[in-house]
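What follows is chain A paired twice: with chain B in the first complex and chain C in the second.
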Partner chain A sequence: MTVLPVELQPALKDLLYRMADDALILGHRHSEWTGLGPILEEDIAFSSIAQDKIGHAYALYQPLHELGEPDPDRIAFFRDAPDFRCCHLVEYPNGGYDFSLMRHLLFDVAEQWRYHLLESSRYEPLARLARKVRGEIKYHVFHATQWVIQLGARGTEESHQRMQQALERVFPLALGIFEVTPYDELLAAEGIFPGERVLQERWLETISSVIEQATLQLPDPQTVVPAYGGRRGIHTEYLQPLLDEMGEVIRSEPDAEW
Partner chain B sequence: MGGMWHLSSELAGSGMSAPRTVTIQSLDPRINRLRIPAELPEFTPKPMLDEWEPYEVFWKEKPGDQPVHVGTVRAPNPEMALVLAKEGYCRRGKTYTIWIVRTADIYTFSPDDTDIFATVPEKTYREPDAYKVVQKILRLKRQQQRERSSEEGE
Partner chain C sequence: MVTYEDIWQALSTVYDPEIPNLAITDMGMVADVQLDSNSERVVVKLTPTFVGCPAIPLIRAEVEQRLRQLPLRDVVVEITYDPPWTTNRLSPKAREVLHQFGIAPPPVYEGPEFPLELLREPVECPYCGSVDTVLQTPFGPTLCRAIHYCN
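Take a look at the complex of A and B:
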């Protein structure tokens, strides 16, 4: 196993926190649909995807712990918004199922490419995790793609219109996934991760094809202002209430044995 | 696709506050956020048979296994049926793959006609009892194999 130089640790932590926080917050948002989904089978499928996302977050908080950060439960439930590194996309309340599905698609395609690029990373824990979650994320993307095509191209006029509106709302938020951090170049140079620009390019290609199949119109990325800030700890008003609710029980008795 | 989520999205999407009615109060904060009126307006009945069509789900644990019928799923097309059946039937255990078949594509006898399978008593000599034994032995062997492999897995 390659031993990575200590100087790389801040960059690694930055990457891990961004990925883990995205997965945790989106997993929590998705889980808010449990019991309220549009039909029973979809409720089960979406809840299962939510659980997978929390599992990914856990798997990413573990190497962070090995790099000297607190243990996964503490990282997940005891930090406040400014310490989170998630993008704004994952923070927004669920709204309607149109918004949730579109967010699910745009996020998971990026996630799939990110893990794909990480499979050849020099940082072995991430390369290993990338291979492990490949199948799960493949299903997440399949699920999102089928739903968006169904409601965009094969549904009713109303479903088409609502998916188009959702796309226009979600797209600028999704561009925030690729906010470049000061560690981007170092991660690329060290063969850990090729960088957010590369990721965004791959993502846009895949998304364009799905959106076309769904007969929707992708906004022009040049005319859209990406929702940046999350990677620097600047968040929407929605994150802190989510954290308060998510951590409410464990914070009420921090030393309880579970 | 009516129901609760639709109502919530209308409230969330309109940007207006909910009408001044008494809303359902729940221990679940998600329900409170939906601001569901305590007295719901009358629902318009859905048209008859306005449902996705059923698909039969067949499950294979390992390559080479016989597909086993595990249940049904409703979906607007075969791809969506796969999407929904995968989590519905495969999330709890090892799965190799599933098959989806439109229920309408399955041809069978009408329940009234199942008596055509009844054999008159004098012809029991044609019933291949030996085959049944072979099937039982094969089943037993497969079961033992499975038990062995799950023991090894532990």
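Take a look at the complex of A and C:
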């Protein structure tokens, strides 16, 4: 394993926690569609994507464990909301399919760019994972893009309107993905990750093009207040109840063998 | 003395838990085997089909169990993402086994990763051989399968 200077560890851990917590929480939200999807194929799609996301979270908690944090199950199920570093976007309940689908698009395009930028990271475990995950996330983006364009541009007046409303609701939350942390500069200078501002720029370009194809109107990022706070441990009211539910069984018998 | 051949032989008796007769050696899951010069310690690296594949712990435990039956002092099984698994790693034998099981293996492609456009190409139905098929959803019953409909 690449040996990185000790002083880089807090920055690296923060990055890993942000990515892993996003994937874990959104994975759980997506899994809530299991059995409830509007059609069978969508039920399976959201369930499959959920499984991928939770797998990615596990693969990110693993290097954290190697950096001295508790083991993946403990990290996932025994922390409370203030210790989580996920953005608000992933915390919200699924609501309707329109909201879920739009969140899926805005999140996964960011995720695709993030991993793309990490493919050349100096931190090898993350670069290796990024090169593996690339092949998985392109299916997620493919799925979200097809549906948003379908419902925006080729559906009915109602589907167009609902996707537009969903976009307006999700957009400020999605900007919260890119909340700059005090570690951004160091991570960029050390060749680990170029930073949230760079990521947001790339993301906005891709999103603008998909939203245009879907004949929807992207809100002006300058006039929108981004939902920041998640990266500092300040969360929505929805996170703690979700964590309580996720950890209910394992917390009742922490040392049980499964 | 344990040889590379013995190790490969042992690995070829570990099967995919969902598809009968599909050995991990034919699936291309074995990324690397390192036997030390005294033939006492082996390090095997497995590259999973998907990061979130729920069968990984099971396959890993089975590999460990098989290798421990050999006269080795130390058995180490690691999961790696390098090289990433792709369908190009499927051996001709794996393709045959998948076909018999009702799964159409994707064609061998050029370049580092599976091009999404290939998903839209008609695949040959593993039941009747027809190519009058359409992609229904890229998300099948497991992460590594897509569903196509045969007309």
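Assume the second predicted complex is superposed on the first by the 256 of 258 C-alpha atoms of A that agree within 3 Å, B and C clash if a C-alpha of one lies under 4 Å from a C-alpha of the other, contacts with A are read in each partner's own complex, and residues count from 1 in each chain.
FYI, a contact is a pair of C-beta atoms (placed from the backbone, for glycine too) under 8 Å apart; a residue touches a chain by one contact, two chains touch by 3 or more.
Keep in mind it's a predicted model, so treat the numbers as computed, not measured.
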Touching partner for A:154 - first (chain B), second (chain C), both, neither: first
First (chain B), second (chain C), both or neither touched by A:32: first
First (chain B), second (chain C), both or neither touched by A:240: neither
First, second, both or neither for A:206, with chain B first and chain C second: neither
A:41 touches, of chain B and chain C: first, second, both or neither? both
Which superposed partner A:58 touches (first chain B, second chain C, both, neither): second
Which of chain B and chain C A:142 touches, first, second, both or neither: both
First (chain B), second (chain C), both or neither touched by A:96: first
Footprint overlap on chain A, where chain B in one structure and chain C in the other make contact: 41, 44-45, 48-49, 139, 142-143
Chain A-touching residues of chain C, taken from the complex the two chains share: 50-54, 80-82, 84, 86, 113-114, 116, 136-141, 143, 147
Of all residues in chain A, those that touch chain C in their complex: 41, 44-45, 47-49, 51-56, 58-59, 128-129, 131-136, 138-139, 142-143
Chain A residues touching chain B - in the complex, by the definition given at the top: 32-33, 36-39, 41-42, 44-45, 48-49, 93, 95-99, 139, 142-143, 146-147, 150, 154, 245
Chain A-touching residues of chain B, taken from the complex the two chains share: 1, 3-6, 8-10, 12-13, 29-30, 33-34, 73-77, 79-80, 83-88, 91
